[in-house]
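Here come two complexes built around chain A, the first alongside chain B, the second alongside chain C.
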Partner chain A sequence: MKIQTVEIEGFGPYKERQRIDWPANGVLAIHGENGRGKTTLFNAIRYAFTGYVKNRRHQNIDLAKMVNRHNVEEGRYGFEVKLTLEDDGNTYAITRSLQPMSESVRPESEMDYDEQLFVERNSDQIPSDQAQDAVSSLLPESISRFFFFDGELLAEYERLVDPEEKEGHRIKKEIESILGLPVLEELRGHMKLLSEKAAKQYTRLAAADSKTQQVADGLRDAQETVGRLEESIAKREGKLADVEAGIVDVEERVRKFGARGEQVGQKRAKEGHLKQAREQRERTVQRCHEILRDAWRCKLHGHASRRIMELKAEVGEGAKIGQAQRLAQELLTDGDLIGKECPVCSMQFNSATIGNVKHLAEEDVGDVTKKLAEIDTWEKMVVTQPGLAQQVIGDVHDQRLQVALLEEELKELEANLADFSEDSYDEANRNLRSMYSERETLQKAIIEERRVLKQEQDSMEMFMRALKKMTGAGAHQLVAAEAEMNHYKSLSAMIQSLIDAYRERLKENVQQAASEFFAEISNEEDFAALKINDNYGMEILHKDGTIVDMRSAGFEQVVAVSLIAALHKNAPFQGPVVMDTFLGRLDKMHSSRLLEHLPQITAQAALLVHSNEVLPEELHEHVGPALKSELEITRQRHGECAIVKRGAEP
Partner chain B sequence: MTEEPLKTIGLTDDAKQVLATLMAEGVFKEETDVAKLAIAHAVGVGMRPEAATNVGTKWAVGNFDATGLLQDLARTHMPDVEPTRALRDLVNAGLSDLKRRYWQDGSWDLSAVVSARS
Partner chain C sequence: MKTRIDLETMKDEAKRVVARMYPELDQGLVADLLDIQAANLQSPRHDTAIELEKRIKQGLRA
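Presenting the complex of A and B:
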């Protein structure tokens, strides 16, 4: 397939109709500085084939956003992209456009527009219900990634190196699509159907004979069960593939939430920490309230302790007599002492000893008693943990600070997420969890059904062996039917071997071609080869036999382009390649070598470049005579650009 | 001590304000906890204040010092003044001194306020 012309009108900055005449062979370079509309042009061409427009992160963009803003201001809505191309001797014109659904309603989103697709083959209009199929047959969406790519898309190939990478399986399928494997897969499916049909015929014949009828009935039952199980497994596997594809999409969506998604997680964790910190702070404040009831004692503790020491020193030896006097005074306040026991000597008081007590109570011992009373008072003030109040105040302070810090951090996260839809993020994660669960259920069911299927297949074999030993009236018919059945079986097995061998050969060819391309571009002395894995992931093999672990971003890109070059070389399908700003990760040496080898990838290539990637003179030097045409995207005014011949007046 | 015993302890407007700012810190549960702390502070730093004037009524002494421990403290520290009056004077002087020492740039050094070291 070769593109002949591209026409765009009203799409992005291309307000007025723009036309690009595509050289039949070689390289078309389209220069444009950042923001001019290179990616929009890239998207417009891809849109004509696929009907979608993607942003740099490969998310679909609402098509209404692609309508030229000046047109919208003038009340003109919609856009049109028209491609003419040649394929296998036929000429096609593909026109895909977006038109407002109603003249009376101002369109706001894609929902307010109708998309129309017109396809002509050799000037004959293809019916509208077949138009998309016709476009898909020219460039199936599943392989469009190998014809339209930018730096970001190339980066996806890095994932193929990881055999556990789910996305890898999807890309692998797409790679095998471009290499033509599905045709063989389809053939194998067809053979299997024929083999099953023959097996049923065999069983029918056996059932018609009274001698073999009973065994044939058993065989038929087993065949039916096998058929049902195979159908059910195929259905579940189809469903599983859908779920896995869905998981890849949703994982991608979740991944694309990127730092924002991580911030949601951080915010939730922070909210949890804050809640805990607030609860802890409240508990500490309550504890503080209780402890500070005795704060006055803590405050007084030092003073009280000093006073007790001072007073005790002042009282000195007089303390004993003072204490005795205080005891005597206390005894006397208890009333008549006659007959009572002395708390010191345990003797019973009599009038003489009571006289002694009274004397002692009234004796002048200076201010000793008063000081002892004061010591009593101060001793009631002291506490066992005088630092406790200060400590709990410190705890409250620390926890308040902790809460304030968390509040501040949370506020910052909330501000960062102000324009972020957490609902979408939550929904994506919910979907993902539900899909994981569905995948697990399906996988378990498939394993179980395979187990039963194996049993039933063994039963079938057993019935077949039994039938072989029996001879009935229709023995010769049975032999013929068995031969037919075995014929298809062996054909089916042969095709499977063919597929396996073809796949292996393709991989070897792809590995070989990619290695050669990589060697030419990279010019690494120590490079031995690129080694392909089951997913078509490419690892760089060093001369000493080791795998290069840490590959630079630039090297990743060279590996990815090498894979694409190898796929194009081995694919039955040939088409134009459109590359958008994909030299950015490469240094001068690698980008110049890549440009030199660009014509090897495909017969028709378009490069969308800006001057920081490659200067026009460098492009001339490196692409050489293969550079057939150069265009430039020029700015007419803000929001409006035009595509002109490079060097021509706009 | 010939004075008639006081039944209540009151605060000056300034002392009320100091009390309010300390309460606003949220670490004390009751105003009496702060008032007792102020008394302890005043005693600890050896204040023997003059009689406070222009005080209203804030707390009944029976509730303020149900165990009589603070009145004992007052008797010990200011034996010549009727204990409730002594407590009144100590709380007002204590609050004022706490502010003078530990209130700076609109905030309290709470750790110092409750510190056992006077």
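Presenting the complex of A and C:
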């Protein structure tokens, strides 16, 4: 496919109709400083093919935003992009436009517009219901990114190197799509259907014979269960693929919340800390009030401590005397003590010692209970230690300060997040959690169904073997049906082997072509080859046979460019390549080498460049005679640009 | 969606796979199946399956 012309009107800054005549071969360079409309031009061409416009974060843009603002001021709404191209000997004209749905209502968003697509093949109008299919067959959307690419695409390729990266599997499918693998996968699908049909026919014939009917019934049941399980697994796998794609998108969205998302987490942690700090401060203030209520008692502390010590000593002494008195009283209740032995000193009592005992029994040793009560009173009175009040007041002060600091920090975070939708952030995280859970449920269900499927397939084999033994040579129809069934089985297995072999061959070819391109562009002495993984990710192989682990960002881009070049070399579909502000990601040496080798990637290339990426004279030097045409995007006024021949007067 | 393919390379690869792993299969049949599939990329699945089946049965009858 080759683009012949591009016409744009009312799209972005292109207020008036602009026309680009595309050279049939070689490189078209379109110069433009930042903000002139290079990416808008890129988007306009892509829009003609796909019907959507994406921003740098690969999100769809409301098409109403692409309408030229001066036209809107003048009451002219809508835009049009027209491409003419040549493909396979046919000429196509694709016109995609956006027109207001109603003349009486001022359109505000995409919903207020109608999109119209007209496609002509060799000047014959293609019916409108087939127009999009016709465009898709010219450039399928799944592979369009290999023809229209910017720096973002290169960043995506880095993910291919990681075999665990889910996004890598999606890109792998797209790569295999550009390399033509789906045709074999379709064929495999058909072989499977025909194989199943032949197996059912065989079972029907076996069931018609009374000798084999019972086994055939078992086989039919197993076949039906296998069919149901396969269908269910396929559905679940489809759903799983959707969920995984959704996870990739939402993870990307959450990632894009970036630092602001982290700040939401910080803010919530801070709110928790603040709540705790406030509660602690309240408790300490309460305690402080209680302490201050009795603070006057500190004045009594010295006197009270001394009195408590005295009383404790007295209580101790009194207790000893009290014990002896109780003993004396017990001895006296036992009757006459004359001639008895003292239980303390073992001496015999005499009249003198009995007199002592009587004296002791009657002696007033003071009221211990009263003293204990006094100790208690004093202790309660001096419970507040000196210095405690100051310490707690200090704690209150510290905690108030901490609360104030936290409030300040929180205020700052809240100010940072003032225009940030926490609801969207929460919703994205909620979605993500729900999708993780759904993925896990689906994975478990698939594992279980596969286990049962295996059992049922084994049963089928068993019934088949049994039927084979039972089938006599006379059962011609059954023998023929079995042969047919086996034939389909062989064909199915062959197609699977063909897919495996073809995929390996493609990978080898891509690896070889990418290695050659990389060698030419990078000029690395220690470079041996690029090694392709299952996802078509590329690793750099050192001369000593080891994989180069640490690759600079610039090198990643060179590897990615090499992969793109290799895909174009091996793809059965050849088309124009449009690169938007792409060279800025490479250093001077690599970008100049890429320019030199650009004609090797594609026969028809367009470069949208600004002077910081490459100077016009450098472009001439490196692209050489392959540079066929140079245009420039010039500014007419704010919000309006024109595309002119480079060097021409605007 | 139309998918561009390199039919000759596929046939070439199929020839090798058949010779190496499935000598009982007819190489002409395999090439025909690829042709039918490639020619019917935009046809409904059912129509393509019928055409493929016709060709396979024709081979079996022969």
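As a working rule, the second predicted complex is superposed on the first by the 547 of 650 C-alpha atoms of A that agree within 3 Å, B and C clash if a C-alpha of one lies under 4 Å from a C-alpha of the other, contacts with A are read in each partner's own complex, and residues count from 1 in each chain.
Here is the rule we use: contacts are C-beta pairs under 8 Å (C-beta built on N, C-alpha and C of every residue); 3 or more make two chains touch, one makes a residue touch a chain.
Keep in mind that this is a model prediction, so the values were computed, not measured.
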Pick one for A:F573: touches chain B only (first), chain C only (second), both, or neither.
-> second
For A:L432, decide between first (touching chain B), second (touching chain C), both and neither.
-> neither
Please indicate which partner A:V72 is in contact with in the superposed arrangement: first for chain B, second for chain C, both, or neither.
-> neither
Considering only the touch criterion stated at the top, classify A:H397 as touching first (chain B), second (chain C), both, or neither.
-> first
Determine, under the contact definition given at the top, whether A:L300 touches first (chain B), second (chain C), both, or neither.
-> first
Is A:E484 touching the first partner chain B, the second partner chain C, both, or neither of them?
-> second
Chain B versus chain C as contact partner of A:A528, first or second or both or neither | neither
Mind working out whether A:A493 is in touch with chain B, chain C, both or neither, as first, second, both or neither?
-> second
Which chain A residues contact chain B in one complex and chain C in the other?
-> none
In the complex, go through chain A and note every residue touching chain B.
-> 285, 288-290, 292-293, 295-303, 374, 377-378, 380-381, 386-387, 389-390, 392-394, 396-397
Interface residues, chain C side, partner chain A - complex = 1-6, 9-10, 13-14, 16-18, 21-22, 24-25, 30, 33-34, 37-38, 41-42, 45, 48-49, 52-53, 56-57, 60
Any idea which chain A residues touch chain C in the complex?
-> 133, 136-137, 140, 142, 177, 180, 182-184, 186-187, 189-191, 193-194, 197, 483-484, 487-488, 490-491, 493-494, 497-498, 501-502, 505, 571-573
Complex contact set, residues of chain B against chain A | 26-30, 33, 36-37, 39-41, 43-44, 69, 72-73, 75-76, 110-111, 114-118
